[in-house]
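The same chain A turns up in both complexes below, where it pairs with chain B and then with chain C.
This part shows the complex of A and B:
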């Protein structure tokens, strides 16, 4: 793959990974990854802990040196450039704010390093404060007096202040509570749309990735197992790892004895010939009532999820399934039997 | 409403009594003595500032300046030596860090005079360990810095390095690795990272180390006596001479009070900037 190759809509490639690898002893944390990132893209790299996603982003930021492969920024090889020589900035998982400095000094850090005059720095810092929706009065506040969400915004403004061509995010939202995280996810997406910079975001949450990204890359054991738009990954996961990563799904095997829960035959005859070894059916696709593929299932558990109800089901053969229905579904009491069905079109087939 | 049975003062009483008897009282007595007429041995004479006038006119300024210079030089050089040592011990030594620290700390348990006499044997000319070995093995003949100010300075650095190193090790451990990475990522060079991030974050440890080293060096006497061969007179030697040989207690007391004042003038402003909570929070 040449670094200049276009991958999406004619936008030029800003960052190109060519067989990038990083080993720690015998562990291959990042294993031969090749990927082109177009300019202005919001790319999210998703993987469970230990999948090597943090190491990958540290390689991209220049905080680790690769054991193999190359990295190109606009076709220029930057593999050996140290972090301070790369036009990129990272928002750390810990945020890594300078606690001995004020909010303003944190934001101005990169400009101060470049020798920007104080007045100009201050003006830019105030602009950035408004960009991340913090009041100007925060300029003189010590970062130690900021709340969790405010610290996130300071870290974001500090990264923006270096005028980076690419911003890296290493799970910055993982340690904050659900509501604030949701707010910041939306704000980050808006910030991306407004600034049109290239964002590379690392997370273990596919849900978070779905909300924000233009494109998602899923990592497993140091390799990228699937890349695609959120819709592509949601609709057609490449394998069971990707499918199960999206939360609770029903994975049916075609042949008995293979890994996974129920076999196809156990819940009723498939309407068409299988097109893979495994079938994924989302809980919301398994609907109440007769349909193209119908099974008689008994309710073993019901969980109210607010706007939806999740029921755990068991087939006469003992196979277990999950279904999610809108509303409170009062008829689905534990111990009752009902007909459930799904359409063949709702099956996502996978080979592995 | 204040209750009569508040236990606070009672718990504080033993410490308060101890401080009064062992800290405040001696200072008070020494200060009182310094105001007595020269070469008297009681505290009932007429008050006079004659001793202080003599301290500035009879050549005691030089010993004081030598002491201050020695203390300042030692503080700076031990800091320069201890910083990279502390960084290496903290970041790279891994399991060897505790062994190395113990080896550095071990000499503290040996009497300072014994170590200084050992150093003296090491530095001796001709048959000394350094000069003799170089002559025997390489045929190189060198002189000796023994009995010069340089030898005393070397001894002070050697003796006081651990007092700088250990607080600094604590200080360096206060620098989270991600802050250094963040600074580098934001475009800071190694030197900028050191000045803007590492130094301020390690400052509490560095300040404590500097205070310890400086104050200990100001009171140091043995290095100049054993290694320096009294090539220069430091203020502690001058005070000792006043009390012992000259039998001029009021003069010795006046010099002592001056050293305490100079020390306080230097130490207190630094101490007031030090936030001890920062060190103990982690």
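This part shows the complex of A and C:
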């Protein structure tokens, strides 16, 4: 079994990156990335701003030319093909809708460039409007009169109209309010399931990636530091960078050469702890009461999160921890001390 | 409510005052054109349209209009071409020396026009060009191109350059990107730039005085006849000239509205 078949469960690889690099002066925005994307996958590339994820997707779309490496579409080399010669379409961060045109004209743009007759274009545009759940009456509406969510849908329909083999998304939901973003995330996932196209999605939000993706690649400083399914990344982050990306988690240090390092000892040292490592414990894994590894912790802050309660805790050593418990946990008042515990199996170990 | 009525009355007064301030001088030119004396004096003893008959019958009237018209037409063509390219360089792209270019570009606007006219005449002499209506075109361009460039540049503020990338990504080649995205976005700026160019050239006196040589554009003729050999012919020609430029502007606007109606999608 080749590695390509391994990640794709037998599906053929549609896009293959071979040592792809892009430098701007002395800055290596994309640094020697090799990755196979199987057909029909929803791949999300996650990274903070400046990690090179936007440059990477622009390389894939043909909007930037790589400084090194190669790109293959179904084994055909497309490294030097410009954007208009690639069977891919991008949904831009700004959406980049054509402001002086109607919704219909925006959607029909790619077909117009291909010379599709007007009646046929209109037919297809109306189909795409229903695909993205916009009423047909929007066909004649100027895009400047559409709301934020409607503009997202128009951008999506416009990208689909070019019949792309791969769709790229460059953080299109980043400027949208929380509730609408959540709705659109689910819609996008459904659209992927219905159309079975290959989606490559860029975002700085691991939460967004978790909701939508089949597979996640995490970028840091122009390199991919970890790829895996959402469950794999959630369960075993490759390093502290990935772990800290997941939001509020407890990361504890075990000093190299000192098993039972000062910080960790306060909570309890499991026998199988390797030396010189970092331990990640999720807030929900740190439970109230005695357990395999127990420590006395003082409550310093208490936040009600609806169905759960988050408490900030401090160990006698001064180390701070976060725990999330179901319900309102009325006994956990600020200033009180309680026994908290976790199981060694709940620790994700990281070398760096 | 009396307060609301007061405000309405005040607003009407204000609007009337503004309109009077703008239009009374123009009306006085119309009134002056209907006199039969060589002196501007109100009220007239005799009201007559003789000056208009004389103006229309005179070859000079049509000659000065033709000269001004052709200067303005060429100025529009070159100013729009250079202004559009300039605006692209000015506002769309970032390059080394852009800020210097931006400052140098607007400098001629701040130069007093009579001084600029004299400077241009001296330069024309230096390179051995005889002043004529053609050199007046060049002179007008020096002053008008920066203005047109600025007017078109304004369109680039609030313009998302990613639109061009999106068009390319959706299969457009370079020329199609310009035709389908860049030009339509710039078009309102190009239209107002052309209008500005025409009107600024049509009414320009200080640059034409120095650089048009033996060819006399309308404003130069009006100025010299007012100064030396005044008769009601002067205001009547001025009224005709104003009507012509107003007619041009109105018909251009109508043309644009009709074109927009025709292009608007049905359904």
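By definition in this document, the second predicted complex is superposed on the first by the 334 of 352 C-alpha atoms of A that agree within 3 Å, B and C clash if a C-alpha of one lies under 4 Å from a C-alpha of the other, contacts with A are read in each partner's own complex, and residues count from 1 in each chain.
Keep in mind that, in the parts below, a residue touches a chain if its C-beta (ideal position, glycine included) is under 8 Å from a C-beta of that chain, and two chains touch if they have at least 3 such contacts.
Fair warning: this is a prediction, and the values are worked out from it, not measured in the lab.
In this overlay on chain A, chain B clashes with chain C. In the superposed pair of complexes, A:234 makes contact with neither chain B nor chain C.
By the touch criterion defined above, A:349 reaches neither chain B nor chain C.
Contact with both chain B and chain C is seen for A:92 once the two complexes are overlaid on the shared chain.
A simple residue count on chain A separates chain B from chain C, and the partner touching more is C.
Applying the stated contact rule after C-alpha superposition, one finds that A:84 touches each of chain B and chain C. Using the contact criterion defined above for the overlaid structures, shared-chain residue A:102 touches chain C, although it does not reach chain B. In the superposition on chain A, the residues of chain A contacting both chain B and chain C are 61-63, 82-84, 88-90, 92, 94, 96-98, 100, 109-110, 113-114, 158-159, 161-162. Interface of chain C with chain A (complex): residues 160, 162-163, 165-173, 176, 180-181, 184-185, 265, 267. Those residues of chain A whose C-beta lies close enough to touch chain B in the complex are 61-63, 82-84, 88-90, 92, 94, 96-98, 100, 109-110, 112-114, 158-159, 161-162. Looking at the complex, you find that chain B touches chain A at residues 176, 178-179, 181-189, 192, 196-197, 200-201.
Residues of chain A touching chain C in their complex: 61-63, 82-84, 88-90, 92-94, 96-102, 104-105, 109-110, 113-114, 139-140, 158-159, 161-162.
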